[in-house]
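Read through the structures below before going on.
In the two assemblies presented below, subunit A is common to both, partnered first by subunit B and then by subunit C.
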Partner chain A sequence: MDQILLQILNGLDKGGAYALIALGLTLIFGTLGVVNFAHGALFMLGAFCAVGLYQLLTLEMVSIDPNNMTPWGTPAEIRQPYIEAWFGEAGSTMLNFAVPLSILVAIPIMLVIGIVMERGLVKHFYRRPHAEQILVTFGLAIVLQEIIKVWFGANPIPIPAPEAVSGSADIGSWFGFAENAISYPWWRLVYLLFSVAVICAVFAFLQFTTFGMVVRAGMADRETVGLLGIDIDKRFTIMFGIAAVVAGLAGVMYTPILPPDYHMGMDFLVLSFVVVVVGGMGSLTGAVAAGFLLGILQSFASMTEIKSIFPGIDQIIIYLVAVAILLVRPRGLMGRKGVMEG
Partner chain B sequence: MDFLDKDNLQNDLILIAIFAVAILTMPIWLEPFGASYPDLMQKFAIFGIFATGFNILFGLTGYLSFGHAAFLGVGSYTAVWSFKLLGMNPIPALIAAVIIAGVFALVIGFLSLRRTGIYFSILTLAFAQMCYNLAYSVLTPITNGETGLRVLRSDPRIFDGNGSDTGPLVASLFGIEMTGMAGFYFCAVVLILVSWLAIMIFRSPFGLMLKAVKTNQNRMGYTGLNTRPYALAAFVISGMYAGLAGALMCITDPLAGAERMQWTASGEVVLMTILGGAGTLMGPMLGAALIKYFENIFSAFNEQTLEHVFSFMPEGMRDATVSLAGLFVGEGWHLTLGLMFMIVVIFLPGGIIEGLRRLAKAVFGRKRPEQSHAARDDAAQTAR
Partner chain C sequence: MSIIKTGTSRRTVLKGGAVFAGTALAAPHLFVRRASAADYLNAPTGSTVTLGFNVPQTGPYADEGADELRAYQLAVEHLNGDGDGGMLNTMKPTALKGNGVLGKKVEFVTGDTQTKSDAARASAKRMIEKDGAVMITGGSSSGVAIAVQSLCQEAGVIFMAGLTHSNDTTGKDKRANGFRHFFNAYMSGAALAPVLEKAYGADRRAYHLTADYTWGWTQEESIKNSTENIGWETVETVRTPLGAGDFSQYITPVLNSGADVLILNHYGKDMVNSLTQAVQFGLKDKQANGKNFEIVVPLYSELMAQGAGEAVKGIFGSANWDWKLKNPGTEAFVKSFGQKYGQPPSQAAQTCYVQTLLYADACERAGTFNPCAVISELEGFEFDGLGNGPTLYRAADHQCFKKVLVVKGNENPTNQYDLLEIVEEVPVEQVMYDPSIFGGELGSCNPGV
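Moving on, here comes the complex of A and B:
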């Protein structure tokens, strides 16, 4: 029982990442009808927002310590991040909370990147075939990836989580299991809560604001909304920006779990496309449900007990499920008729 | 639709003759580009075959498969197994690879073709990723996992080696070793043969049917025609082309690895086809050659080469130019690829062939269709 609970939890944070990326993909697809292969790159850019801020905060000031001599008789160097030297205690706290702080940085950056991307590139591809949309955004993804590689190098850059949430939580005792039966890293718990919060925020935004109402109406029937005198294009552009922010935030918060490198976007992209298709193209709830579902299935498949029966199942489970679901339910779990067919 | 109005045999014969001459003289006219070494020309031919086959599915029938590298990998493994079991003759390896890849394509195509559009793309992607992961882990007895499968001296090889310590470990066609120029000419002959086949498919009533499937599948259905067998046939044929390409890879270098099946490899062939011009005869080959050329030539540029190239500039300007250009070559050649790709998709949706056609139109003006057709093919040939 505790094993099952542990696997579910293990899957949930990965599922959270899948769900967030897939949510953004589906938002873009539902509003603009564009298949965005650069979405994984947006996830990666978000992660590198965190890397950038962390590197900025850890810039070191080198000063000479006159009281301390090296064995060679020269004064030793003191290396201290500027932020600590200038702000003392507050500075170290900021450094400690670099990842959560990057959220504040990432939101405006990703919003701007998303809007620029939509206005500059994607706008011209609404009426073009999906194959061309896939190809141009794929090209963009390669370009973004290479720029990041030139800037930050090809190696993964580890970013620590804040100290307060760096240990493991003894989740088992909360549910009345034996002590230390289920211990779970705090940060993964934070990630799970965070992804749920972001998903709820996006749904609430679409459900309860006038802006969201117009966007939903536009998703249902773009022309009619346009005829009512509403500038639907502008709102869809903003939705693209929001989708970019969602992907970016997923990336920011994922950095302590997986040290970001330049091709993490591509790795997640394929999986999140599978997630979107399993959930049903254009269905927001489908994307979220499929994200969590596939995350959990993946973590179950990586249990040693299961692997001993079906070796290699952990590698292919997602694709296997995707194939099975697509063959049984042509439009995914919650897809609508006529979306992306033909 | 320009291929419809000239389906006469003579034109095709001229076309394939020009093409054959162009391919066989590649070592001569590729010299000035620095691309006349056999390794690269083999790649041109092999990826030309791969892209031509992919074009039959994507360009002609309109199904965007994101998993074609799976058939390439299956072909590779089959070829190496044929070497291991039968001997180093490339002919049985080619035949076995084409058959096995065709069977694979039949199964995957039968399942995937139940869906269209992006669902089809994702299904093929999922199948290919499964094949990749299985080849990497579970099927290690067959694929030798991450080490890759290669021919060993101790293999049975019933027709030549027979476990002896001597005997070559490279493919040899009746005594001609398939390395270097001989390997290239072997690939080139296969390329010419399968291009001829592709032209026949394009011109045939079957090709016309595929074109109709691409144009409007629903309407085809309303006329009472079941389109699935046609699409499936196209899928199997293109899978066989991919298997052939994979086998040729192993014939020139007897090693098969799982990374050949990864989805990025499938993406690459899509890029080649689009870059050259999907649905045209020569386009995919052109795209394949261009991408392989960039991959091999650009990625070999280093700072010294660049400094040599820009040596005519004053020093400060040269340093700036070198560091700027350094972003686009060597390790960063992917950046060039991505940019080139975006530019082509944005400004030239028909690919390079479309560009050449426009160029020919601008240069030669509006002539009779026959002549402009010939001019375009000529231009396509010389541009290679």
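Moving on, here comes the complex of A and C:
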């Protein structure tokens, strides 16, 4: 039972990342009809917003300590981040909360990147075949990756979670198990809650705001909404920006789980596309549901008992499920009729 | 029109034809003469000799690669008579004079292996064919080392392996042109098991997570065999892809597997990630089978310990060398390296530095860079003063034999570099083995022509 609870949590946690990326992908596909292969790169750019802020906050002033010698016979260096030297306790707190602070930095940056990307490149490919859209956005992803590689290097850069949430939570005791029977890293719980909060916020935005209502109407019938005198293109551009923000925030919060490197977007992109296809192209709820479902399935497939019967199943489970679902229901779990069909 | 009608046209054509014919006749002769001038590939003809440093500058082992490159640059400096000479002052015996090698100034070219065999072979090939490297060294992955060693054998240059710990490098995949100073997985198991028995008892159940390539496989096999010899039971062995990053899906099944020890056959960034995540998932605080749950890292390094931070405290592993060893060679090297780079060298740096010196010394003693002559000098060579005490380069498999360190994550470090505590220096007799147990054939040396 404890193992099942742990695997569910583990799956929800992975699923949270899949769902956030797939949600952004579906938003773009649903509004603009563009298959955005640069979406993984947006996830990566979000993570590097956190890296950039962290590196800025950890810039160090170096002084020499003549009373302390190193084992190789030179005076030891004293290194202290400027932010701590200038602001003391407040500086240390800022450093400690670098990841949550990065959210504030990432939102405007990702919004601008999304809008520039849509206006500068993607809009020229609206009426082109999906294959061309995939090629051009994939090319853009490679360009963005290489820029990050040149700027930040190719090695993963570890970013710590705030100290208060860096250990693990004794979640077993919450459910009446013995002490320390089930522990789960705090930050992964934070990530899970964060992804649920972002997903709810996006749905609420689309459901309860006038802007969202118009966008939904535009997704259903773009021409009619345009005939009503609404500048639907402008709203769709903003939706592209919002999708970029969602991917970016998924990246920012993922940094303490896995040190970011320039290639991290590609690693998630393929899985996220499988999630979108399983959920149904163009279905926001489908993307979210499939994200969590596949995350949990992947997690259960890594259990010793399952792997002893099907060796290597953890590596291929997602693809097996995708094949099975597409055979039975070609438009995906919640796909709309006519989308990417015929 | 006047240009076409110039009277020189016929003469020019005749002269040109004569020059062309002469050149054509002479050319093969020139090439043959040039080829026969040297009896080995990339024989240096000028006042310099070029070495190729092929290290991971990107990928999961990039930290080790960066430190290896620092060590190589320091070795070149010392060979050329610059700096304080480092271990050139402590190496015994040595023919090196600090004036380059065989009177030629040492130069180097570098390549990025990316921790990928194909990229590593491509960069080694470029250094051999384009840059004229007479020796290739480096690596931080056994898969890469074995691939490059094989390329060097085919091309006809010496390969002085850097950090490679798989039994296969000097076991089933050994080559006449390849040499390894670093210890291997068999030695880690032989050194570590008795210490683990003393610390955790003979009644333990172990779960292995293993990097899915040659090094991981042989380490898993060696550690499994040696721990089973002391009475431990192996519950499960699970392979993980190299550079997996998030190991949570592999760590969570450990919790209810019935195991009370997790053995992490990972290295570099993979080790940092898997160990950190194992600790985050509460494995170090867990009780299983009425005992404290333990984690073991069979192959340790200071760089990994730095990356994993608090997570390494109290965790046992083995090492080839440590900068805190008390001997003249180590002290000389730590002083040179620390003064130049402001940090102590890693074991990867030490093995690469030593390999460069050993190669240079063998050339000096052989009086040539010819790989076959250099191989003869290295085979069976016994030396001291390079940080590991008396060491033998065994002729049968080109593997070095010396003391192996068992180390433990320091509970109370005195400074930021004091992360590993040396628990035991295991004598060479305890880690020595019969070269035939891993199979493979050295074959014969290849000078490249």
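Methods note: the second predicted complex is superposed on the first by the 328 of 342 C-alpha atoms of A that agree within 3 Å, B and C clash if a C-alpha of one lies under 4 Å from a C-alpha of the other, contacts with A are read in each partner's own complex, and residues count from 1 in each chain.
Definition applied: contacts are C-beta pairs under 8 Å (C-beta built on N, C-alpha and C of every residue); 3 or more make two chains touch, one makes a residue touch a chain.
What you see is a predicted model, and the numbers here were worked out from it, not measured in a lab.
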Kindly say whether there is room for both subunit B and subunit C on subunit A in the superposition, answering fit or clash.
fit
State whether A:307 touches subunit B only (first), subunit C only (second), both chains, or neither.
second
For A:219, select first, second, both or neither according to whether it touches subunit B, subunit C, the two together, or no partner.
neither
Figure out whether A:107 sits in contact with subunit B (first) or subunit C (second), or with both, or with neither.
neither
Apex subunit A: angle to the C-alpha centres of subunit B and subunit C, given in degrees as a multiple of 10:
60
Between subunit B and subunit C, whom does A:158 touch in the aligned arrangement: first, second, both, or neither?
second
Touching A:288, do we find subunit B (first), subunit C (second), both, or neither?
neither
After the two structures are laid over each other on chain A, how near do the C-alpha atoms of subunit B and subunit C get, in Å?
6
Taking the stated contact definition, name every residue in subunit A that is touched by subunit B in one complex and by subunit C in the other, in rising order.
315
Per the touch rule above, subunit A residues touching subunit C in the complex are 2-3, 6-7, 10, 13-14, 70-74, 76-77, 153-156, 158, 166-168, 170, 180, 182-185, 187-188, 257-259, 264, 267, 298-299, 302-304, 307, 314-315
Per the touch rule above, subunit C residues touching subunit A in the complex are 57-59, 62-63, 236, 238, 241, 245-246, 248-250, 252-253, 255-257, 269, 272-273, 277, 280-282, 285-287, 307, 323-324, 334-339, 342, 344, 415, 417
Enumerate the contact residues on subunit A facing subunit B in the complex.
35, 121, 124, 128, 130-132, 134-136, 138-143, 145-147, 149-150, 266, 270, 273-274, 277, 281, 311-312, 315-316, 319-320, 322-323, 326-327, 330-331, 340-342
Where on subunit B is subunit A touching in the complex?
58, 64, 111, 114-119, 121-123, 125-127, 129-130, 133-134, 136-138, 217-218, 263-264, 267, 270-271, 274, 327, 332, 334-335, 337-339, 341-342, 345-346, 349
